[in-house]
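Before I ask anything, here is the structure I am working with.
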């Protein structure tokens, strides 16, 4: 028995020591650098190459890289960044940008027109990510160190393109020449932005530190470092926020936000966004190839409930595919309502008075809001006699299924969260609704209407020079889409950003989702 | 006549199982004399092993329980001794060897180690001395090359060698009484003969008292001075070997002797006793042999038979004692 | 202590009573059996006493009542879509028992015959079967289940198949061991001696006598299987919304566990109770069938 | 050896029957049919299956487990980065389970059928019945939300992580900080480790306690223990020396099983505690359908498990009973 | 001479000891190593020897439960040692066996009626009713109640179970009954019952007995002839009374002297053998008994004695034994 007792004593002592250690919480140290800490629910850095990035990397990339211009959608104006000013020929085919001088890359190389040409050419050549935004560009010239000229094959608004959130970063081509084309993808970065990469651990964290030679210079109140922590659990992230360990959580459930909003220690910033949610309807499959059935589906969604209870009013019901606030959006267009009677009539007209068919809907796993929408909709469809089979799957699997060569394999309904690359209706309409026969981008309705195609491409060519005409063409295309209903336009989202109240200076820019532009922020008081 | 070294008085052991509770062992009186070889004989289930366990106060509880009785050994009632005292009696005063030498030895220690440990504990020897003494003991039990054997594990030894090791352990503390519980049960006859010879020799040499437990009367007949017979937990006959094996006493003794075939037997048909051994949990009332006994009378069923003295130191528990064929 | 085994034992009815006695002898086992019975009743009668069967069966939502704490109206509170958690947790009993039964049943269906054949026939057949079994056994079962479930695609059925694939080799091994020890038993030799066909020996003599350790193991595994399927659902590899599967409910509840602690508490508790009950039953059965721990 | 080949074959088979097309994934979202075909050729997917297997096997032998679709890193590199954190968690968790489970089981067996036994058995059976992730969440609520004793997740406080750099010796933060004298890091990481390790320990603790109890009881029923008592050896010697040594074999086997189980159980625990280890990586791979990563992990963990079992077999072979 | 009921010629039965990764046999246990044996029709033969001598293996070879490594086995004149399993119909029908262990020789999950009826179900196409009546008949013959058919083995005592096992063996009316230690696990009073029963059945049913036992007394009571084995070899063979009266092999003598007797008064001269039985993996050269033999000579270690006839039908394998010259068996 002696042995047992000794054991128990040892174990209890061990436990006590642990608890004692637990008792003394460390106080933050004085004199430490002021770090802006972001909790990200996923590893933000899928791709390190700014030419390839077409996803969640931009909040980090925009701290390290800059574009020639930056778009301010609320004022609908472009702000100079690396380019100081620009002009375009009347035919809309030649654009000239004059560059800021004295700008340096993190590696010390100077930023000039050759670098702009090289980095955009490389992006185009790689053809990854959002490289398609340069499709219209025929040739780029760098006649002088501070002048860049874009020659187009057909007119597009290059001013918007160079301000794109994707595929328009200016990175140092010399670094690549010196260290190999894979240099960035091996986890390195070299841009002109205010912060440079200090260290990173895949799946864990990215640490940025300030770039002393940044062209805008440094004052006292800027943050010294940016730490992006990967915290997959939103519960954990919220706790870290409350414990003052982080300044900003990228994504929080609205239930948590509702609570945090009441706490003066936090700043919940709400602003319009260009993100919206579609449910794309497989328009080539029985019975969904009948527009009346698609319209019926559009009438069966409990829009108000979704906005109130799923989105907690941080969203509005969409009017058409182009989100509110973006140019080209027309609030006068047709808007579907939640109307089961109307839905029943349409179904009856199409020959399905009691429903009697079932639909497969894929939902990206981990997307709580989409799952909720699906589950709520399931109940409504049941009332119409339509069975909804919800399948949550990883985004990639969902994506594979949607593009399956065997058309029969594809889903019936695809709930898609969408946001623009270039800030224009083109991103929405070309991405999701023009005919995509040889390869599908986001047209997961498999919708094809030559009339819509003509309108959309026509609008884009006019956009650079004749915004009014472009807007009108976009309006016409949207009207057709609303009537044909290849997708259900569920809601336009609002940006909800939760920050520690000590962080000041935050202004959301919906053209660059989740980008904070930490250089503009400063701290007042304690976290 | 020498004094009894061990004396069991009115010993009753009870077992509890799902089917009920029953007095499994019920011994009126049994004495083992100083320096003798006593043979306790009975079928499996007759309670002979239980007698050995009760003597050592090791009846597994549950399901068993000693409900009454006394076990006198060297002037002390072992059943009333405090556990610590009893621990000193076991091994030091009374040693036991059991039927299966393999399971009696701990498989993960060498046999030398096992002998040594008992020596260290009982004789307060240091490890080195104890080990030397252990090797000597292994030699005493006629194990050739005791050094090598001492370094072996039980499974590396043959059955006969294992039993010798067990005997060595039993002897290691100079016990006065050795209980050999079916010590040769699963051994071949030639090996069995060797062990019996060894025990006889050790007894001559050390004068140790041996309580020999067996299911075959022939085994003990050769080496025991006195024999006791158990049937279904009751002592039926006890007396000098020759007198008991003459077969004039208890009907069970007669039936048993008649049933065992012998080499060179000329009998065409063995004398058969009908029926089956009783359920030890629910033994028949009165004389437990009465359902199978030819001489059974109503009183056999009614009352536990009294002890009837047939001759010098020869008792029979039978209502019809003295009956002859 | 070796009591003679030749004492007449009670007849068949007595045997049942005897098992009953052994079950009730150990209070923990009794509790386990009791809970399992109650769970069965709950699973069968769920539609009768549950206030909102539509919340569980159809997944009908009632968003206006989202995340209500437990009250008289909602015994276990509501989830983020306003569904009655009590109804869902109770219906979850059905699913969990179903998963347990089907997954363990499937694993038994694969594992037992293979073990029987390998153990009885021995030789080359045994060699092949056991090598394959060894390979499967080199994966920790949960890992194998995760990998297979990830491959098969996400659904409850696939999760059950994945679990069965991860579990069968254990039964094969267990069965083989038992069969080998039985194969040399005289009654099997006797059957071979009299020319009984091998299949008949395997079924009538070997199989029926080797089932009890398998049954014990299966009842213990029942709990592990429920835990594993919950783990798969938790990782998003099992049940699909709006199925009221406990693991899936917990997985969703994880997003709200600090806002609405009851949300995760009740399904978790239900799972603990269920698994606990099966573990107790399994332990009890083992004690009953294992002569080594039997107190006779 | 045979088993290892079999394991690799099985994992390979799994990669083959994957529903998704790795070539299409490799070629990227906007790839054309030609690009996919080219990728297929580059990846060797146009070769017959046995050839593919041999290539796979030779790759595996050279430590090449393929490239993660999600991180675009070689899976081996990822694993090497994540393994130490997991290993630390598993080692500490298993140590806790032994430190508590063994005495619990022994105590339970020695005091069979007393209230002590009942309590120990109850703890043991609870240990094996708790859903890991649920236990994890409840511990978080209790120790973080209510008591505030332990942090919610992670391996170190983020501030500390920024200000202190502990040399990377073993990858075990506890050990590294202890050796290099970073006391603050040591304490902090201990606090971070406490809850996940405790969660991890629950199941093996119960299993070990159950096993040692039943093995001990079995041994107690053996003749040699009765005999040892008959020779008057003191109870202490009988229990701790004679019986325990015999009861260790099956416990060791169960322990190996537990270690394998724990290795996988961390998948769930790390996800909840945001522990930057293999489990988190796996959970992420599962959510994103990163098949090369899943298969790589499966293979590596299986191999570790096989090796673990091999070690146990070797240890068991030290038992004189199996030595022939 | 008539065809023997069962006959073994130079039968060897080796079992492999496997080791290593590939489980290749590294050694062989020579359980039976060249045995000749013949059991005449109607005879009762006893096979004695100590544990490990190969007697149980030998009968299992004779019944083709094992396929012999070498040598020939004939049953009623038909070669059965190496023929395919499908051709064993006669053997399986005409030869039955009773096992030592009365607890495990009966399937605990079958009732007695099913157990006894199984040979009938396998070999005949009797109707259910006929089958039941045959079972009942044999139960009565064994002195069991007819209602016992519905009970399960565990409800019977050891002696009763052995009767059930005998009933199962005899229900097909076989020609050969192999008794493997038929009474060694039951109590003395039941043993007498069984032995008497077996003796009377043999006369009644005209069946040949081959009894395996280590108990010479049982063999002497049950058998007309006796074969003594040591370490895989036959060392002596003859009529029971000849062997008992005049044991020729030193091992037989030692064996007989070791039998416990009720003669406590007169101490017999016991031949105590030294050492243990050597391993059957590496049997000693020459005469296998020589390391333990009290009468060994130098020759014994080199020369292996053959089984030679010493007197009418009495054979012995010993170099020192007086044998008839020039008459190999």
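Think of it as A, B, C, D and E in the order they're written, each chain with its own count starting at 1.
Basically, a residue touches a chain if its C-beta (ideal position, glycine included) is under 8 Å from a C-beta of that chain, and two chains touch if they have at least 3 such contacts.
Because the structure is predicted, anything quoted here is derived from the model rather than measured.
Participant: Compute the centre of every chain as the mean of its C-alpha atoms, then state which one is farthest from the centre of chain B.
Facilitator: It is A.
Participant: If you tally the C-beta contacts, which comes out ahead, B-D or A-D?
Facilitator: Between the two chain pairs, A-D has more contacting C-beta pairs.
Participant: Could you tell me the distance, in whole angstrom, between the mean C-alpha positions of chain D and chain E?
Facilitator: Their C-alpha centroids are separated by 55 Å.
Participant: Which integer distance in Å separates the CA centroid of chain A from that of chain D?
Facilitator: About 37 Å, centre to centre.
Participant: When the C-alpha atoms of chain C and chain E are each averaged to a single point, how far apart are the two points in Å?
Facilitator: For chain C versus chain E, the centre distance works out to 48 Å.
Participant: How big is the gap, in whole Å, between where the Cα atoms of chain A centre and where those of chain E centre?
Facilitator: Distance between chain centres: 87 Å.
Participant: By the touch rule stated above, which residues of chain D touch at least two different other chains?
Facilitator: In chain D, residues 2, 19, 140, 145, 271-272, 283, 286-287, 289 touch at least two other chains, as defined above.
Participant: Can you list the residues of chain C that touch 2 or more other chains?
Facilitator: Residues 6-8, 10, 153, 236, 254, 257-258 of chain C each touch two or more of the other chains.
Participant: Any chance you could list the residues of chain B touching two or more other chains?
Facilitator: In chain B, the residues touching two or more other chains are 44-45, 276-277.
Participant: For the complex, give me every residue of chain A touching chain C.
Facilitator: 233-235, 238-239, 253, 255-256, 259, 305, 308-310, 365-366, 368, 371-372, 374-376, 378-379, 382, 390-393, 397
Participant: Quick one: which bits of chain D touch chain A in the complex? Just the residue numbers, please.
Facilitator: For this pair, the touching residues of chain D are 19-21, 24-25, 28-33, 69-73, 78, 81-82, 99-100, 102-103, 106-107, 110, 140, 144-145, 149-150, 152-154, 157-163, 184, 187-188, 190-191, 194, 236, 240, 271-274, 276, 280-281, 283-284, 286-290.
Participant: Flag every residue of chain C that touches chain A in the complex, lowest number first.
Facilitator: Residues in contact with chain A: 58-61, 63-64, 66-67, 80-82, 153-155, 236, 240-242, 252, 254-260.
Participant: Enumerate the contact residues on chain B facing chain E in the complex.
Facilitator: Touch list, chain B to chain E: 43-45, 158-161, 188-194, 197, 215-219, 221-224, 241-242, 245, 255-265, 267-274, 276-277, 292.
Participant: Spell out the residues on chain E that touch chain B in their complex, using ranges where they run on.
Facilitator: 50-51, 157, 159-160, 187-193, 195-196, 199, 214, 216-218, 220-221, 244, 254-265, 267, 270, 272-273, 276-277
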